[in-house]
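I have placed the structure first, in the form of structure tokens, so that the comments after it can refer back to it.
Every chain is named by a letter (A, B, C and D) in the order it is written, and numbering of its residues begins at 1.
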């Protein structure tokens, strides 16, 4: 059914509402001059904009609300069923939702698929069946699109690790790649993808038609003692990934056939403090949350949710937001924040507006330059925040 | 699969968890004497008990938590998908859930059915397809079982009113009865069911095999000006329904081939106050909430959620709970209550424990005799409360 | 501005209806329900008084006394006197427009609300927008002349997503239908 | 009490496994993952120190310092040092028993927690109970030695309902597996 035909039918519905009233024998009705009855309609959206935040409603929620960072107003919602993953088509035409649904909600047949929504009408336009995916939600790296938007990588764990490769042009699952001991995807243009691994390496999966080569860096972190947060950040222009560990060690890595990992620096030392470590009883500022870091790519600024505490408090909400200049490795801004947020994101435009939220669902939009809270949004959603990334 | 076989497989799973550890090369493990590894199991429930409250999790929730009124502890949960209706088999063997589910959660094929759960294992044992039902939740009168448990009436509105008759022995939909201008079901043993109607009557549907006769009382209330709350209360022993209107008029009606409605009395007058009316600006105590009344059948006491306000505040939460002796038509107890609850229920045993909850999900268990708060339960659920009814 | 003529509207409806739509089933059932259902006044006055509804300030509900006509994203906007749910105006939609991707229900519940600017009562259709998860913004529950399930057109608990491709509730609009 | 012998346990597992169950697929995949995955210590000490884990009071986490051994319905019960979710003990289940109608997952994530009574570390399997809606009672999120997705056995965000008939998450148990 086309959109136009739907609207005309809806007008008919409007008449029905009128007729309900008409049947009530109120003499007053026929005698009164009134404004012309209104007709229902449906909005269309603009394509994904740089100053939009896409906010998941938290555990069990079925939608991602879209907020305009400049006004703080909700402009729409993408259907994202429980524990699904959202990706924005680089061309701006579609939203892709990797999801898992059962034929009888809480039972029945499992169906894994990528649902394709038109970005203007937000209507479902296609469903791409896949062999499975990890049902977890809350991670940006479990469903990623290549720069040209032609390929999607969808992480699976069942409970063995693999990655499903989907052709987004043909809208067809291509094949799965096993990825033992690693999880999530870091884009690696022209090569395939890379992943953080339990042995402290980054594995690179070079896709070559129907086969692949897997290579690994030297071990550079201790996955059990000082893990790197899975929600790594990728800069598509610089072809660089930014990683932060539980103690606050910041590393960048340039991707390619060979991945080069930088020497780490300490968030705390960047602020003139003693580096934090893994020992109990040592109180320090630590990064924490589910989505504890955000990257303003145009300025190369890393924003980190920080809290005071002991080690192994890596899910704790923030008391401050720290801004780190990645080039100079210096702390350039500390913004106190209310509500113990666990997720942070930043718009990739010059406005550089930060959004943070916490499990209670309240979101704050903060000017990263001044630290000023521009908008407070109740019930915005307590989950992962997504923005349009510059290509 | 039998339960026993499932358990044995689960033990195997336990071994796997052990083996995970075993594969990690920690010398300490093999050298240490440790308690015998535990094995997983699954509880079974007692049959439905008189001192259990079944509490819906509120809008969008998928479960009804069962709380023991004497301890305030949760003892289990019945799967009740969004806006489903729960009924307890009078024989105590089953829970019945009238529900509507889509094949793809937020889209796909609609399926209306009654799901049958064993009351001891809480496992799904059967599904009975039905032609449809009203998707609303929050009403006790939309899905009811006859005293013998052999017949269920399931209210439908699509948007015309009808009632689906289901044979619960054969677990089969029998037929639908049209019910224009009326909604919900009041049990009417040996006859069929009765319903409140928009013309201010009670209609009685006398089921006679494949046909039915519909008769109506004289109009006795104004459905638009002073509506009776749809959540009426039925006393199976007395074959009597108790009804309360927005202004606080209490009526009882004895069911049968001919339904006899009592003269009303005013809740406020029962407490020695002026009766409330429908005029704005008059401040009075009014009943309010989604499930604003509860009936302790053994003692013939009606409990009502009351708040101070103006008329048309019938969804407002309570400041007090009023106990009314239905025989003497006197207010016998006023219990102040916190949290503006909108739902009330009472156990049908001598303990006569009240539960109230509000949309925030906190529940209170209150001794109706002393007014004492016995238990406060966070996240109990914000929806309808069900109890086992005496037969 | 045009004169609101319920009879003409009924005729128009019938003409369109005869033209045939997939909603025929819904409309037919709704029509049957209405024909069979007893008539009822839309304001809380007894039938004898229905011809002269009292619109004096003393007859105004608490909602009507505090209603405003300027901000459609607040619960106390005058048209919302019997709305229950999220305001579509806060969800990316408008006062009579669904947010993108949602589908307006062809049927609705109604309220009669007093516009404080002219002191007159208007009939408002609360049309649900369906097929998306709950919006969650600006949740309101106003209950002027809101009744129970046996008067479903005046009940705001029902999810009015009949005849839409999905019955999932997203938000509610408040369409001006005419004078009440 | 018996000696915990992981090798013997592996053999037992294999014997049962050879007997054939419908969970074969899950177990085979999990086994593959484990064989391929690098080994890792269960306490946050470098590999060189793994043979002598430091269990002095100074090495205790904030959780371990305040843990108790008497009330299994509280987040600070000692076994819950890395649990994330609703405690089954508050949902009608037990410390290693699912509430009625739920199904224990055959696989789980693990933690190593210190029992304050003997000061020793034990391995705890956090086995999710699946196939019912979220319990909602006693939600806890403790994170001692909890890691990220690439070490899934030590990550508590994953819904560990693999191999169950429904993957809906209800609550979590904390089973004693052995000394760590």
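Everything below uses one rule, namely that contacts are C-beta pairs under 8 Å (C-beta built on N, C-alpha and C of every residue); 3 or more make two chains touch, one makes a residue touch a chain.
Just so we're on the same page, UniProt names per chain: A, B = Methylamine dehydrogenase; C, D = Methylamine dehydrogenase (amicyanin).
What you see is a predicted model; the values in this text were computed from it and never measured.
Where touching is counted per the definition, the chains common to chain B (Methylamine dehydrogenase) and chain D are A. Distance from chain D peaks, on a Cα-centroid basis, for C. Across A-C and A-D, it is A-C that has more C-beta pairs touching. Centre-to-centre, using mean CA coordinates, chain A (Methylamine dehydrogenase) is 37 Å away from chain C.
Taking the mean of the C-alpha atoms as each chain's centre, chain A (Methylamine dehydrogenase) and chain B (Methylamine dehydrogenase) sit 39 Å apart.
Separation between the centroids of chain C and chain D, computed from CA atoms only, is 53 Å.
With centres defined as mean CA coordinates, chain D is found 28 Å away from chain A (Methylamine dehydrogenase). Counting only residues that touch two or more partner chains, chain B (Methylamine dehydrogenase) has 62, 79, 102, 106-107.
Looking at chain D, residues 30, 40-42, 107, 132-134 sit in touch with two or more other chains.
On chain B (Methylamine dehydrogenase), the positions that touch chain D within their shared complex are 6, 9-10, 12-30, 32-45, 57, 61-63, 65-66, 73-79, 117, 120-123, 379, 381. The touching residues of chain B (Methylamine dehydrogenase), when paired with chain C in their complex, are 59-60, 83, 100, 102, 106-107, 110, 134-136, 138-139, 142, 157-161, 180-184, 195-200, 222-230, 278-281, 290, 309-315.
By the touch criterion stated above, chain D contacts chain B (Methylamine dehydrogenase) in their complex at residues 1-7, 9-10, 12-13, 16-17, 21-23, 27, 30, 34, 39-42, 50-51, 53, 90-108, 110, 120, 122-123, 125, 127, 132-137, 139, 153, 163, 170, 173, 175-180.
Note for the complex: chain C touches chain B (Methylamine dehydrogenase) at residues 26, 29-30, 32-33, 35-38, 40-42, 44-46, 58-65, 107, 131-134, 141, 143-152, 154, 157-160, 162, 165-168. Residues 62, 79, 81, 101-108, 111, 124 of chain B (Methylamine dehydrogenase) touch chain A (Methylamine dehydrogenase) in their complex.
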